[in-house]
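Here it is, the structure, as structure tokens.
Chain lettering (A, B, C and D) follows the sequence in which the chains are written, and residue indices restart at 1 in each chain.
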Amino acid sequence: MDDRTTRDADMAARLYRSLRRIRRTEERIAEVYPSDRIKSPVHLSIGQESVAVGVCDVLGPDDVVAGTYRGHAAYLAKGGDLRAMMAELFGKVDGCARGKGGSMHLVDMDRNVLGCSAVVGSGIPVAVGYALAIRRRRQDRVVAAFYGDGASEEGCVYESLNFAALHKLPVLFVCENNGYAIHEPLSRRWAADRLTERVATFGIAARRLESDDVFAVRAAAAQGVAALRAGAGPVFLEVPTYRWREHVGPSEDYDAGYRSRDEAAPWMANDQVERVGALLPPEARAAIDAAVEAEIADALAFAEASPFPDARELHAHVYA
Amino acid sequence: MDDRTTRDADMAARLYRSLRRIRRTEERIAEVYPSDRIKSPVHLSIGQESVAVGVCDVLGPDDVVAGTYRGHAAYLAKGGDLRAMMAELFGKVDGCARGKGGSMHLVDMDRNVLGCSAVVGSGIPVAVGYALAIRRRRQDRVVAAFYGDGASEEGCVYESLNFAALHKLPVLFVCENNGYAIHEPLSRRWAADRLTERVATFGIAARRLESDDVFAVRAAAAQGVAALRAGAGPVFLEVPTYRWREHVGPSEDYDAGYRSRDEAAPWMANDQVERVGALLPPEARAAIDAAVEAEIADALAFAEASPFPDARELHAHVYA
Amino acid sequence: MSTPERTLRYVDALREALVQEMDRDPDVFVFGLDVDDHKGIQGSTLGLAERFGPERCFTTPLSEDAMTGVAIGAAVAGMRPVHVHIRMDFLMLCMNQLVNMAAKTHYMYGGAAKVPLVVRSMIGKSWGQGAQHSQGLHAMFMHVPGLKVVAPSNAHDAKGCLIAAIRDDNPVIFMEHRLLYPLEAPVPEEPYTVPLGQARRMTRGDDITIVGVSNMAMECLRAEELLRDVGIGVDLIDPVSLVPLDIDTIAGSARRTRRLLVVDNGWITAGAGAEIAAAVAERLGPEGPLTVRRMGFAPTTCPTTPALERLFYPNPATIAETAHAMVRPGGPAWSPAPERAELAYQRSFKGPF
Amino acid sequence: MSTPERTLRYVDALREALVQEMDRDPDVFVFGLDVDDHKGIQGSTLGLAERFGPERCFTTPLSEDAMTGVAIGAAVAGMRPVHVHIRMDFLMLCMNQLVNMAAKTHYMYGGAAKVPLVVRSMIGKSWGQGAQHSQGLHAMFMHVPGLKVVAPSNAHDAKGCLIAAIRDDNPVIFMEHRLLYPLEAPVPEEPYTVPLGQARRMTRGDDITIVGVSNMAMECLRAEELLRDVGIGVDLIDPVSLVPLDIDTIAGSARRTRRLLVVDNGWITAGAGAEIAAAVAERLGPEGPLTVRRMGFAPTTCPTTPALERLFYPNPATIAETAHAMVRPGGPAWSPAPERAELAYQRSFKGPF
């Protein structure tokens, strides 16, 4: 095998490991959920993993991600601690937010995962502010900020785009367009499906991908991040993707009436976890799968074993 | 004279009267201001009158305008009561807001001048809401909403554009781009000078004029309003214009350092009041001028004579 | 012989109020994120879109700020919008429109315009709603002249207050509580209004006046039962509306008991409880000793973990303990037996209405 | 022998604090609408852009909401932003970021991040600022755990509190008042901090405790003079910071005088005065009679006309009258002579600091 082939094989294995880790983690969360041990709303990204995985694969440890309440994928793809995440969902003191944040407020400052917010759009200006600090300090770091098609409608997101472009900040804006905000389709919320074009008018290099193919996402992100590192100002990617489960909670909801399983079918047929998995030699894939299962089992056990925070914790961290 | 010529002459006279009325009213306000009888901040539109005048000339009595704290021009151009405006500036009970609003909060519901707001951008969604009611009631009315280049940066204005376009509301958005928000030029606030292009991505018919020539503004507004009446959804106009006086207060401020008199010179050379005035026969012009002076003198006298509101008024109108 | 009264859940009472008002007045419309989906704001807007069409019940883009302005504009034009938010926390996105526009329009235009607007929002609680989905921020709205603030604690008042709010010519912040939605109470079928500005006495007693806001009125009702066990009589008052506030009823009661405990569904500092306690102290303080206490959210952000969330909120036991200590300050400390407190927790309010 | 103290205007004290902190710490920066123009927020940011360059003092687009998020993000990254607003009313545009993000970041991430942010804003008053340019909305921020709220009333505290706020690791809402800007006080040249959470006794007296917030501390000082004329001794307290609040000092004073008047620079309902009055009543009410009163903005929107604006605000005469009636409740009504009230109006505060 020549160098390039090795690199490609390494990449596929890396991407697969990340995709599979997120998928299986969330599937296990969905299994545990009915037992009511996870006492906080969960927004699964099953079906959308490739966006976070493709983007985070081109980020270094010093680079930063900002996710949302649907943040498991970004957190894990960036290297966030799985044990700490699971403990967080269980409300335990070893959680990444000591049990105070739950699934919607994952954070891992050591891995440069900025805290996630449950108010749609509200994390975007914060991510931009982080990028401002990076630029002021002349650091060679970039921020990837994920948000949904719904978030793109919030005033503060437009304001953030303008400011980031004005100051040429190193932000990769990634709009995960899954076509829905909760149960409302784009057609009830967008006057025109021209988001990428709109973002470009801020002088931002803006691109809309055709699918959430993880290699395509990765390639676009790589190009974008290179531009950011060159100081060219922010970059925007709109990635079409699809949420397979209900908006919040562990189940499917194709019988709810707002969308059909038919609509989902092509996305499922193009499942990125399967696609990338199929590129690997079976034994390599099996090894990854086994490692992933073991890691998740360990994280679940860790979460179970971790104690709840002590009553005194209630009053800790109100002020720094 | 054929019909068309008469119509053109009538139009010129009408536009001139309106331009002159606004200009002279504000000049008189500026003269009175140092006497401290006008106890409220005034934002003069001297130099920018043609935007409001051109737009309002194509509106009917049932059509609606929404202005800003720099609202004298829109108020007067739409037919707002001059006596009531002057009394308002003087804080008198016969003011259009009974002295409670001042220059920044002009209102004349009978003439369909929606109340003006001093929080930049905040009147725009309100104007859109008014247009929603118009559409729900199947009325043949349109709303013209004026705002500045600075206001275009506020999140709620983007949100308003999207909603108005989504519901195809009869709103003519008019961005008076005078190049400054207070003393800050566009270059410190806009990542790219592509506002009109951006607005168009909402599926809004958007046009940027080359100047604030009153006939050009009028023609563009006429075309826009016709589209609105046909139900085609909102229309946007960006009109370059220039504020001749300081941001707030009666004086010039070319010595302040943030802009030069040279920058202003071409705008002044193209003074629309003079331009349109020059089209009129001298005696017609003189008659208009005299009528305007008389009306202003009357309004000032009215304002002086009107009493201050009684102490009990303090507690009136908190709740309807 | 009285016919058996119909009971309805809080959530259904809200929906019935909307249906009846939309039937009555074509200017009433309901909008806000997700009001027209199959969950219909936990059922409170279910079926409205089907019944009244998409012009009178519709979702919006995620643009709370502008949508509030849109509601104001429609209201100024004479319509009567009901703008719905699934969490009260999201009102922070529209504070400018609510505080600087809606509250001020009538006054700053000298009466030339008015804003008949209802802003419904729900307070979240339990199952780890957390920092940004659990706040009761009514105090901020109480603070601003021009706004009314309503917080019904039972199905009967939910319907009557919502109808009153829709018919009111002012912006009304209408505060609901997620945990109240399933609770039933007798609710007349015909439309009726519950007047804003009239408190409701839930129980009578001579030892202490307790005021419970929103869901806390229910928690106080359960505490009252526990206190009754130990011979403490509670004058329990639900203010129903916070602006206008029926301070006369509250102060009248406290004049008799000389003890006032306010239990709020929000933070204590500069909160509704501060207002009620201060207003009562202004009136009654000079007359003699007066024992005043406030309870509410812990002075922290709301944590998600149940281990801490439990401690964040007042509950029947902590309310009863606090009241007990106020009534018998020198006596031995007392806590209700846990099983008893658990049982009291089942109680719901059947009137007097 | 003490050297004559240097005096500085409030506005210059603010500017000096910024200069010194920016000198000390390269992570401090100042931004917000118009901080870098020739007016420099009435002079309080003048010269900073020239001295520290456009990276450390810069204007922004009109985007208060996102700019607040930007400040939070920069703070989370370890910088120390000072975000400036020329009017407190405009904070309503950034409530979501302030209340849902800044206040909660440290807690909801379990201590993993902190937000050392200062939000400066000025309360407008006079010359018809009107409905949307005159509000003192500090009560809303006091209500939310995680935020600190500071309201210095004189040049000395302006400098010391601003330095303390910048060095604080939490979001601090820093409230200024337009009418205080020209007032002078002794201000040391070297950097110093005035601790947040320590009230300042401005005058000593035994008859009544008066608490004055922000500019009202100055109005109360003038009222104190008028009251002294008629033999009423005022224990006048400036809380300086509202969160943390030095309730011990206030309650300690009221325990002695048994009379508390809180004069706020904002609305009364659920305001800072409600908090102070309620907290004092909780502590002192059971001990015996306690006379409590609150003053503040009239319960209306702020009108522009001077005829009404005059009546909207407390002033030395109305404060003195209210205090007089509290101290001598049975006695004849009293008003200070207008000329005397006018004279008292000239007074400024020279210490004790």
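Simple rule for what comes next: a residue touches a chain if its C-beta (ideal position, glycine included) is under 8 Å from a C-beta of that chain, and two chains touch if they have at least 3 such contacts.
A quick note: this is a predicted structure, and the numbers were derived from the prediction, not measured.
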item	value
Each chain counted as touching subunit B and subunit C at once	A, D
Where subunit B and subunit D are represented by their mean Cα positions, the distance between them in whole Å	37
Centre distance in Å when subunit C and subunit D are each reduced to the mean of their C-alpha atoms	31
Centre-of-Cα separation between subunit D and subunit A, whole angstrom	42
Residue numbers of subunit B (touch at least two other chains)	95, 99-101, 105, 117, 119, 153-157, 159, 162-163, 166, 188-190, 318
Junction residues of subunit D - those touching two or more other chains	60-61, 63, 65-66, 89, 92-93, 96, 100, 107-108, 130-132, 145-146, 299-301, 303
Chain-level touch network, classified as line, ring, star, complete or other	complete
Subunit B-facing residues of subunit A, complex	153-159, 161-166, 188-192, 194-195, 197-198, 201-204
Subunit A partner contacts - residues on subunit D that touch it in the complex	29, 55, 60-61, 63, 65-79, 81, 96-97, 100-101, 105-116, 145-146, 148, 169-170
Complex contact set, residues of subunit A against subunit D	95-101, 105, 107-109, 114-115, 117, 119, 122-134, 136, 155-157, 159-160, 162-163, 166, 316-320
Footprint of subunit C on subunit D - complex, ascending	65, 89, 92-93, 95-96, 98-100, 103-104, 107-108, 130-132, 135, 137, 139-140, 142-146, 243, 266-267, 269-275, 277-279, 281-282, 285-294, 299-301, 303, 329
Subunit C contact footprint on subunit A (complex, rising order)	39-41, 91-92, 95, 99-105, 117-121, 150-151, 153-155, 181-184, 188-190, 256-258, 308-309, 311, 313-315, 318
